[in-house]
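All chains are identified by letter, namely A, B, C and D, in their written order; residue positions are counted from 1 within each chain.
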């Protein structure tokens, strides 16, 4: 998942990048970084932690220059004894370069092995290092040409922000799998960000989405220069609408909240239930639950409270405090639920462990029936384009039917949105990347492609 | 505001108190503390910060004993160069004592001055120190009698958890202004907490509310002993329902979320509006907005997103980023709002500064009309019973009529719930403390009583 | 032990107090605090940690006013779940007061019990609270008179800095047990500090020692006013010279380093040894070792290196790493020691555990003989005047003769300075407090007086 | 400067590396790191800060395996927005590798440029990345052969610890410029460290120095395998003896303290002074001052006290507090100095700024004459082999004669050890690297070779 930002043209570039990353914190909380360029030198600060933890006034001041790129990294499982944070900085033949990447290269290991066989070293597990290597190994004279060279060699999902000492380049893969938008501040400063919510915070006007297969070059004293590197084959990731993006963001012309409402309404058509009340799993299921309730004409209530003070470290619980992890975060409102037949709506079902506890929580709170509804199709295939789904074996829907899962969860029923229904909700004006649902690995890769350990 | 907890009878008392305080973090985030008693000694740890920041496994282990009392303190303005955290520990004639207090004594300064004139010293600005002094100064032989002596001398709102080396006492003032409930774990351990949400987390069963004017004594090997110290004159604080308590808590038999729904519905009757959409100010206005939408039969949407990553320190914004503080926290979903006549519902209106920015935010997002609705009456009087309202001069409703305020805010209309409407929503089975609305200082004090600098 | 400072007359009072406390960090590392007074209000910041950890630019700025008092607290053993830090602030009949205290009251428990019986509460374990109580309970009209009243009621060792909103008072007990000196900055600002090393850092000129039994009052627009409250009975603590004060400090006219040299020389006369080399235990034994080597005409070498990076937390050692605690701190230089008969000189011998390891370390490093020499007499009695000696049972010299201890340590001999020799070294111009050596509890108290849990 | 360690053969390898780095903290305080190998995988943790700050029990536990290499990095000036910490980890053709390096490559930029021209990227400014690249680019099949290939291409000073998933290699350049020693624990575990003081702490026996030009290979189940890669041309760095190494370390058979004593004695012969007293600049000048005093037969005193509580951040001083930085750290003992003609001995003179303040400090403390003596020759050339000397322009001795410098400092005289005297002190059994003094850049490079921004 992750988020990237690029800002060009303003003395406040680094501050704008900081606020943009702040507004996209939901896309990645493990680590964050910003690099700046002032024409002569690239400076980089990156570390583990939230944007507000890694940066402060002093650090931002040290990052001089009118161009800044930044990155938020999503926390992935696994042994992270080695810090994988972005942007990745390097000195290479043409000088200095810094790269921020959001996505996932499906031919990562082939590329890496080819590079390694030619003598390259990889200091991290990130795709981004592949990209920097490919640029550095290109025989072209100009960075622009080298970037194009590199782009020919990578496959998969990617949005890139690339910075030299004086220029900035942004690129979106030809499928447009991950979102990327272009905006402009009133003073003329350009900003490119994974989500438009960043524009709203920094006061930038949305100009347009970066086109699939497009590269935009930012250079001092010139208008941004757009080039269509690849023929677009538009397949935006449905998951951005399903749960990843912020509800207020607009991706490729469609508002996320609106899409979720529609999925909820479609779900109501496909998987109705004879119930008294619709509850969302907060905060992820709120919009879909609203649409679902709407579709059924049944009351919607915020019947589960979410605790936002949950910190990072916990005290080992007592014998009396069971299922603590979910209970620390979510609390049912008994008075709302008691004696009711409820539907609980979430945005997706992956392993099913949390859902099981929520069903129990609702039954304990007096629900007479609990119907689980998922505003997305069954996830049966690991995604290779940057959504952190577990391996096939861990995906509950690859192993069990909805009715079996419902039984195991203690739910009275379980219903998913159909793939057709999802498409319908999103609109039939374009095809979507639905790889987690239909296993169509259109951008290279397959269910057996090893998932990279990092998000990018 | 603040929260208190008392746990008696379990080796895990301190852990249970910890989790209870965690679940009541919304009642106070400035400082927190727990003291434990093991029959021989009271131990205390308290400091600035959240519950998860102040305590860790090692610290909890050092707090030995089967009885624990704890406190979360609400952040109040003012020069806090001296740390005011609770519980307050003291050695006195009968040994050791620790006191946690939630509420506000209206005769605090009289009591303090009387004590000071008799030679007492006050090391903090907290009411709690008054209480400890009064117990220590009593001529009675037994702690129980001294506590009763003390209770005769204090006026106002209070819930107390008092701990000696081997006993625990909990007291609620005769008006029952602040909430206090009694629960029990399956292993027999007793717990008393400001809100029932604490019981849900630690797996305790709700037994009953502590009665106004009641003192309950916990002693080893005995059942809790209840004594009615004062004749009850039940006047629970309406503000707990309006915005302070957690929606899943049940106070004196009434669920908070439910009350808010009712206020919203009542508000719809009293202050209808010709609108297309109802939006809450998240998270405080959600339940009332639900009720309001329900009452009007108009769609409800979560059209404003709340950012939960807002940290404590901020970088000074750029020229381009205005009204940052509200924008960092709240983001409107343009697609939902654009071209709509919207009502925005909040739980109360104090100074009006945030509301003004929200109105602007909605208009910028394309709302054609913005109608502000407040699910509470106009706040015209400072509360003296522990709600942190500003001085009379800062309360916008003491100076301006709703229509004037609406005009100043740029809203198309502004409507408050009437006092009668509030009463009706809460049920006419009892009288409520409505001091902020009607200025009825029934428990001593007046609008001119100096507000103590501390929360308690 | 601890340190106090008082600064009067300068806008930079708080900064000067900060630097003074920094220079006296060796007298106490557990906690530190500064309170300031600006004529209207006293402000206080205190916390666990070193001076450089507790304070920063922002915190110092908040402490406004031209008068500041401060305190460093010595780390004492025991359950410190309750933070005992100084100065102690209180509101009392005449307004606000802040007190910093260095020393130990021998009648602390009598005073406390008397106060407690009269209804006082004690929130900490510190003497200082006694002092504040006694001032608050006095019937006198003026603070000056109340302070004198208080002084009549306390016995033991004390140096006090007392601050009202506009005045400052400093007092030294009639025995002058703990050091206290008066200095002045070039701009006229007055400073009083436990050690003169503070003057050197802040650029103050040493004026004179505060006299035993003297109180000096600082007031705006007036010269400091001196009053002899008690008839002096001068008995300064020999331990200040032996090991507590910094070598560059001058206490009552005698330089600490100089005194240590003399003790070392006297020790050479009393306890000579047939050796090749004298080594100090760094850094405490350096000066005495120099004198000892000088006295014997034997070479002196810094044959043990001290590691100054020792932090606070340690990783549990491996099987291979034994006696780690001493080894982490001290390392012998084999080349210097090997094949030599060495004397190792330290400033005092308390429990003997570290010394035993040092002897072993030297033998392992090839010393053919190790003669331990202590530049102080045998410690046979617990001090009640503020030196943190353990209970009588833990003092090795109350139980064993020097030859027995030497044998147990594996040392070839062990020699102490005689009490007479100590007196001779310090000069016979005055009597010294030698209570740890001779058990002469001249200032009240006895070996059986309970030692207070706190340093003060 | 920096320090490296390698441990092979023990489950506690990481702990032993931790303690070894702890004991060599004086060689570098900017950052530290340890990587471990368990046969299958290399794990790495590195960060800014002291050894005790970066590591804790949990982190050490995560670093599994019987082989560990570690590094302490010296703080160098300059824009370090990009973290340069070691070891450097990489994946390359033969698998995984981790490298720790202490020294400085004089042909660094040539190597880097050659690599960059062939398409390599450099993510840091460290030599170590060059080394990893050269290994990765080698065409050899085995790591051993690749390392040898790499060694042919680098020039300058280096000590290396290289780790694959199952083996460890240590190498010392053919000049033996930086120290490196081999030791063994009682349980058979091998340890290689920059200084022997590490062996003393972890309980390892010193076996021998690693020979100039030697590579030792550690492999499971085999004895360490030694290979002489280059013909030795022994030129150990004199600066290790002069000031960098710990006094208790033994480098190439010579104890550091002992060498310093000899330099001090030789200095006394060459630069005598008619004085009453010899003082060291603590702690760096202690041994040399001892030797100097010895040589002259004049008393030695620790007349300047060093404050070890100096933290990292400082409050901006007041007008009254001048020359604060030196005064915070060093305090003269007036009683020792007053009225005396003193010599103050330090280990070297670089810029002269601190010395100037020390001279003033001593004069202010009453010294009638101050003679500065430096137990090393004049530093006239920047070192290119890893000693952090400033550029030629900043070296005071390249611009001024000793008498001019003395005059400017306010000293009554200034004397340096001669180059011949230094050689004599160190023994004429070998040649030393004296490049800072004589400009003999024997290992490649010249006074004009750009100094790398990093220490290694």
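Details
Assume a residue touches a chain if its C-beta (ideal position, glycine included) is under 8 Å from a C-beta of that chain, and two chains touch if they have at least 3 such contacts.
None of the values given here were measured: they were computed from a predicted structure.
Comparing the residue numbers each copy contributes, subunit A and subunit B share more than half of them at their mutual interface. Note: centroid distance subunit A to subunit B, computed from Cα atoms, is 37 Å.
Rounded to a whole number, the gap between the C-alpha centres of subunit B and subunit D is 60 angstrom.
With centres taken as mean Cα positions, subunit C sits 47 Å from subunit B. Of all residues in subunit A, none touches two or more other chains.
If you sketch which chains touch which, the chains form one closed loop in which each chain touches exactly two neighbours.
Of all possible chain pairs, those that touch are A-B, A-D, B-C, C-D.
Within the complex formed with subunit C, the residues of subunit D that make contact are 12, 15-16, 18-19, 22-23, 25-26, 29, 50-53, 55-57, 60, 185-187, 189, 197, 200-204, 246-248, 250, 255, 257-258, 261, 286-287, 290, 294, 299-303, 305, 307-322, 327-328, 331-336. Per the touch definition, subunit C reaches subunit B in the complex via residues 41, 43-45, 62-63, 79, 81-82, 88-93, 112, 116-123, 132-133, 136-138.
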